[in-house]
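Shared between the two complexes below is chain A, which pairs with chain B and chain C, respectively.
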Partner chain A sequence: MRRYLARKLIIYVVTFWVAATTDWLLPRLVPGNPISLLLSKLSLQPTTYNATYNLYMKAFGFNRPWWKQYLSFWDALVHGNLGVSIYEFPKPVTSVIADSVLFTLGLLIPAILLAYFAGNKVGAMAARRKSLDNTVLPVSYILTGTPYPWLALLLAFLFAAGGIGHFFPISGGFSYGLVPGLNWTFVWSLATHWVLPFLTLFLVAFGGWAIGMRNLIIYELESDYSHYLEALGAPPKLVRKYAYKNARLPQITGLALQLGVLVGGAVLTEVTFSYPGLGFLVLKAIGNDDYFLLQGIFMFIIIGVLASNFIIDIVYVLVDPRTRVGIAGA
Partner chain B sequence: MTVVGHDREVATSPSGVDAPAPVASSGKGPTKRRRFEFLYFAVRNPKLIIGLSLVLLFVLIAFIGPLFVKHPYTTFYLPFRPPSAQYWFGTNYFGNDVFAEFVYGLRESLFVGLLAGCGATVIGMTLGFVAGYKGGLVDEGLNVLTNVLLTLPTLVLLILVAGFLQHTSALTEALLIACTTWTWSMRAIRAQTFSLVSRDFVGLARLSGEKSRSIILREIAPNMSSYLFLVFILLFGSSILTAAGLDFLGLGPPNGMSLGIMMEQATDWSALQLHLWWWFIPPGVAITSVVGGLYLANVGLDEVFNPKLRAL
Partner chain C sequence: MSIQRRKVALGLVTALAAASLMVPLLSAGISGAATHSTRDSVTSFPRNETLYTSGTAYSAPTNWNPMNLGNYATGTQGLLYETLFLYNPLNSKNPYMPWLARGGVWTDPGTYKITLRNGLTWSDGSALTSADVAYTIMLAKTNPAVPYSNLGPFIKSVSTPNSQTVVVNFKAGAYTVWSNFLWSQPIVNKAVWSTWTPAQQITDANTSPIGSGPMLLDSAATTTQSVAYTVNPNWWGIADLGLNFRFKYLVDVVNGSNNVELGQLLESNIDLSNNFLPGISQLISSPAATGKLNASGGYGLATYYPTAPYMLSANTVWLEPNLTKAPMNNLNFRKALAYAINPQQIANVIYSNIVNPATPTGLLPNLNSFIDKGVVSKYGYSYNPKLAKQYLKASGYKGQNVKIESPDGWTDWNTGSEVIVQQLAAVGIHATAYFPQYAARESDLTNGTYDLALDNNAGPSSTPWKYFDRVFQLPIAKQQTAQLNWERDNNPQAWALVQKLGSISPANTKGAQAVYSQLEQIFLQTLPEIPLWYNGAWAQYNTSYWKDFPTVATDHYTPIMWGGWLGNMTTVLALAHLQPVG
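What follows is the complex of A and B.
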């Protein structure tokens, strides 16, 4: 078990290093640099331009040798310093992110977990049961092929803009007039704004899990141990139970692999609903050429994804006894 | 429970690798019969038929659609018009013909998806074959690379890169998507290659002095051709979705039209509040049908290729 987790940890450390280096390298690889891109929008006089350019280059340390920049980047990163946001100058990037991260987590965690459990249950029930399969499967395929922003638009049109009714607010994280605080009006407003973005993320992910589980159960039911159990006269319910236990393992691995996709889906969904989470912040960062904020959000998402991956690895160890005794490697 | 076509030899893993090698390399007779057998099951598989017809329908629209476009999508007419005989999909906020936008957007989206899907399949195949065939240090190195890319959230990475690149063309967009989405396919192909490398016919090819490249291309690849095709279908579908996501965020090609750009414009110009449903419904229906159809065809093909799954 230790070897398994150690291997995983090494991968995560390498991933973090690659991600951080990419994050650092990208603005330096593009023609020009963030500073010249930024200043080109300001249409300054040549002399003013040069003076401002030099000032900014110095302020952000772009004029130092590259290895010094790289080292100081790591130094800042280790100390949790992601730079200063341009868009909300002079607020540090970390505090801009902190303002919106709770919205994203509040959306993502319930959506991921509920979709995972519900999808697996429904998919397992549908496998090799013709009538249920014929309804669950097509619906799941439609859901999993749906682009996040479109499902978001569709739900917003039907349930918020008056396609069917005005049950939910169309955009935002809470009503404009409200001041965040622990009172019923605010919590209620928060909850109603949460429903549609959550539903979007939940539905698309649900389809994928249901299909995956259905197919896995069929594979398991056709494997030798299932046939052996059947031959011994075991009731179908018991055979399915064992099939489910085995099919669960690839699904847990799948959850780790899907995290990136789900985070991407959250970005798109938040943008569609103007939901004030990290995804919406990404769009604002792009729109305002706030590269430091963009880099910061990227770093933050990477850390989140790596941490969740590690949690899933531990869950895998708990669920699969083979990893504990070292039969199956990483 | 009845088990139809239960063939223990075929399925070395739950994935649909073709029948073992001797069949493929021992004369024409069995191969031919196998083809007909596939065809027999293919035309009787509702998933494959439905999925394939959905995809083909939209491919057809992309091909012959321009013949029916009467109003170029860059010209402005009366805005806010609902669908009519004159404007099949109505006009949008600016007065562009939505049908024209849809046809040309569909072409662009399918083109980018196809290109990215092909690119990703080629990368995944090459790395998967090399890692699975060579093994050892090469395998370890490629594995680490894949695992690292697999852990990174693709869309977020793409957003970062596209955000810095500023100007993307359809070609660079496809290339970026191909370079980030191949990861899982490499692992899958590597595993399949592993299981084939230990077979006798590969050893025989080695003994007869064939070069590694020709062993991979002539002995290993043909024996998992159906699997490679399935991989391509999945990558094609996911590339369409990824491209739509990038376009929706305004990170696609700045000039031109795509289904993602249509959804972006509809969102930005309050199609929801103005109830211009004909503006944002068609692009989503097209993407959902094509991607869902591809996924459905994938499972259908899997059942055709893998006798174990045909039951029921």
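What follows is the complex of A and C.
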């Protein structure tokens, strides 16, 4: 077990280094200079422009050679410092992210977990009932094939803009007439604003899980061990239990792979609903050449995806006896 | 049994997930607000006491430093910090309104005397005196990064004979820069700014602003989505000008997409929208069949003009030729462009007439009195494909393809440049529309690696000086970073004229006009830029909760919250005249 974890850990550290370096490099390869972009709309006279430009270049450390910038990036990173946002200057990137990250987590965690469990449950049910299968399968195919922003617009049209009714607000994280605080008006506002973006993420992911589980269960039910169990006279319930246990494994691997996709989906969904999470912030950071913010958000995503993969690795050991045997044998 | 257990487990997980969803959201909302709070325990703004505005902010409000031009939150200039004078672009006879200053006068050609109003105070109760004004002026000399540091070299000395009088002594050539300072630069608090380092004076976020203006920052209610202000009961304007704000709170919302903003406006969640909303003219002119109807029919939307162009003009959109490249460096080719393009068609088709085509000089309508009609009738141009073909022939154009750049996602400009491509094709010019990312386009213009570009960096001003300063600025650097003279026009004669304006006293209107006429003539003869249309000062009013917004028929104030308008022009007066509905 220790060797297994050590090996995994090394892989994660190398992955992190590659991802972080890419994260540092990519925004800097985008054409344009964030400072001249920042100053572009100010119509300053040349001398003032140069003084202001130099002030910002120094403030952000862009006047140093690239390798120094890279080293100080790592130095700051290990101290938990992600720099200062250019677009929300002079707010530190960590606090810009802190303001948004919980909105994204509040969408992603429930969407991932609920879609995973509900999708697997419904998929498994569909596999054993023909009538259910006839509706679940096509609906799931449509859902999983739907692009996030399109579904988001559809939901917004139907439930917010009056297609069916005005049940939910169309944009934002809460009504801007409210003063944030622990009171029912505010909590209610948060909840109603959350529903549509959550549904978007949930529905698309749900479709994928349901299809996957349905196919896997059918496959498992057709496999030799199932037929053997049936031949021994085991009740169908028991056979399905074993089939479900085996079908679950590829789904867990899928969950690890899905995380990255879902983060991307969250970006598009948040943009569509102007939901003030990280995804919305990514768009703004790109539009403003905000190296530090972009870097910070991706760093957060990188750490998030790596950490959840690590957790899934461990979960895998717990749910798949074969991995345990493999580790013990190694 | 096992199924039972699984059900319990599933139930548990679901409950956990549900719980995990509320906790982050709650703390998100709370951490979204700034930490320090002084307001009473109101948990939401009463709708009938709150004015909602949008269309200005594109990032979360984080900064209330008026020196930090690019980043300060909406209202920092105008609601918190104020200028000595305001400029009223809608009153050509009397364009400068005394604001913090009661008056100002050139006592001799090198001396300007400012007299402050009585009873000016900062929001912490201390008096705003001549010392604050003198300090603000002197920053131009001591800190090269303040936005108005170009004023510094012209200042000889500043003195404060008493707490309400400031006397500034100038070297020659300061007139244009100084008059620009008077209405565009807010006075800052000496007690605060003098404790900061030069870098801090520009970059400090100033999250507990001590201003002189009509509003106070409501930090507790300011979130990543909006900035909130409450009315300052001790503002000098209440006693001195009799201005009383009828709303108690002002909330400026950070923009989502145009569609979202349109939705919010139609739902009466926004009272004053300064967003560009394509197709708004249809919603204003026709009572809509769906949505929220008010007594007057339709959505209850209004604009400054009841009919086309609906909006005031905000800036000039040019077709910007790169004068260092062939064929754009050929005057006959540029003339062919100017005659080939029909901006009226773009105004009709792309903008549904919410913009006006530009006049040949490109000077905004508020500067009409500066336009020499004799010069324009002699050297001006208008849509004429036949003439365009003649000039094209004379230019020796060999059919090269030229790219017209506009930033990706600026849909009106993108489609506008496609229309221009067609119009140019009709006279035989091969052009293609090209939509790079904003930052890439910026880099192309700065480095001079473009052919033709749509550009609008000449905003509103009180004289044509700023406009020609942008067009003819010399010297030309390898990187034209300051966004001046992007077309790279090397015309020393014109630049000398622009500089000459600095030494013509504002009282000598005839002398100034002679120079403007010359500049206009050079502009029309050499066509360094080709003016196309005037981008609108987009302003849509929803009159469900507040009425008496500025219109052409009533008070002539600017209904614009944008930086450079709110606090410099008459937007604060427009806000002060709003009345509740019912």
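Convention: the second predicted complex is superposed on the first by the 279 of 330 C-alpha atoms of A that agree within 3 Å, B and C clash if a C-alpha of one lies under 4 Å from a C-alpha of the other, contacts with A are read in each partner's own complex, and residues count from 1 in each chain.
The rule we apply is simple: contacts are C-beta pairs under 8 Å (C-beta built on N, C-alpha and C of every residue); 3 or more make two chains touch, one makes a residue touch a chain.
Computed from a predicted model, the values in this text were never measured in an experiment.
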First (chain B), second (chain C), both or neither touched by A:R64: neither
First (chain B), second (chain C), both or neither touched by A:A161: both
Partner chain in contact with A:Y176 - chain B first, chain C second, else both or neither: second
Touched partner set for A:L259, first chain B, second chain C, both or neither: first
Residues of chain A at both interfaces, chain B in one complex, chain C in the other: 30, 37, 161-162, 170, 271
Touch list for chain A against partner chain B, complex: 11-12, 14-15, 18-19, 22-23, 26-27, 29-30, 37, 128, 130, 141-142, 144-151, 153-154, 156-157, 160-163, 170, 211, 215-216, 218-219, 221-222, 227, 230, 236, 257, 259-261, 263-265, 267-268, 271-272, 282-283, 285-286, 291, 294-295, 298, 301-302, 305-306, 309
Residues of chain C defined as touching chain A within the complex: 2-3, 10, 13-14, 16-18, 20-22, 24-33, 39, 42-45, 47, 50, 52, 58-60, 62-63, 68-71, 144-150, 199, 202-205, 220-221, 223-226, 228, 251, 253, 256-257, 260, 263-264, 290-291, 437-440, 442-443, 446, 457, 459, 466, 470, 473, 477, 481-484
Residues on chain A engaged by chain C in the complex (per definition of touch): 30-34, 36-56, 58-59, 85, 87-91, 96, 98-103, 105-106, 109-110, 113-114, 117, 121, 161-162, 170-183, 185-187, 190-191, 194, 198, 237, 241, 271, 274, 276, 284, 287-289
Complex interface listing, chain B residues touching chain A: 1, 3, 6, 14, 144, 147-148, 150-157, 159-161, 163-166, 184, 237, 241-242, 244-245, 248-251, 260, 263-264, 266-267, 271-273, 275, 277, 280-281, 283-284, 287-296, 299, 308-309, 311-312
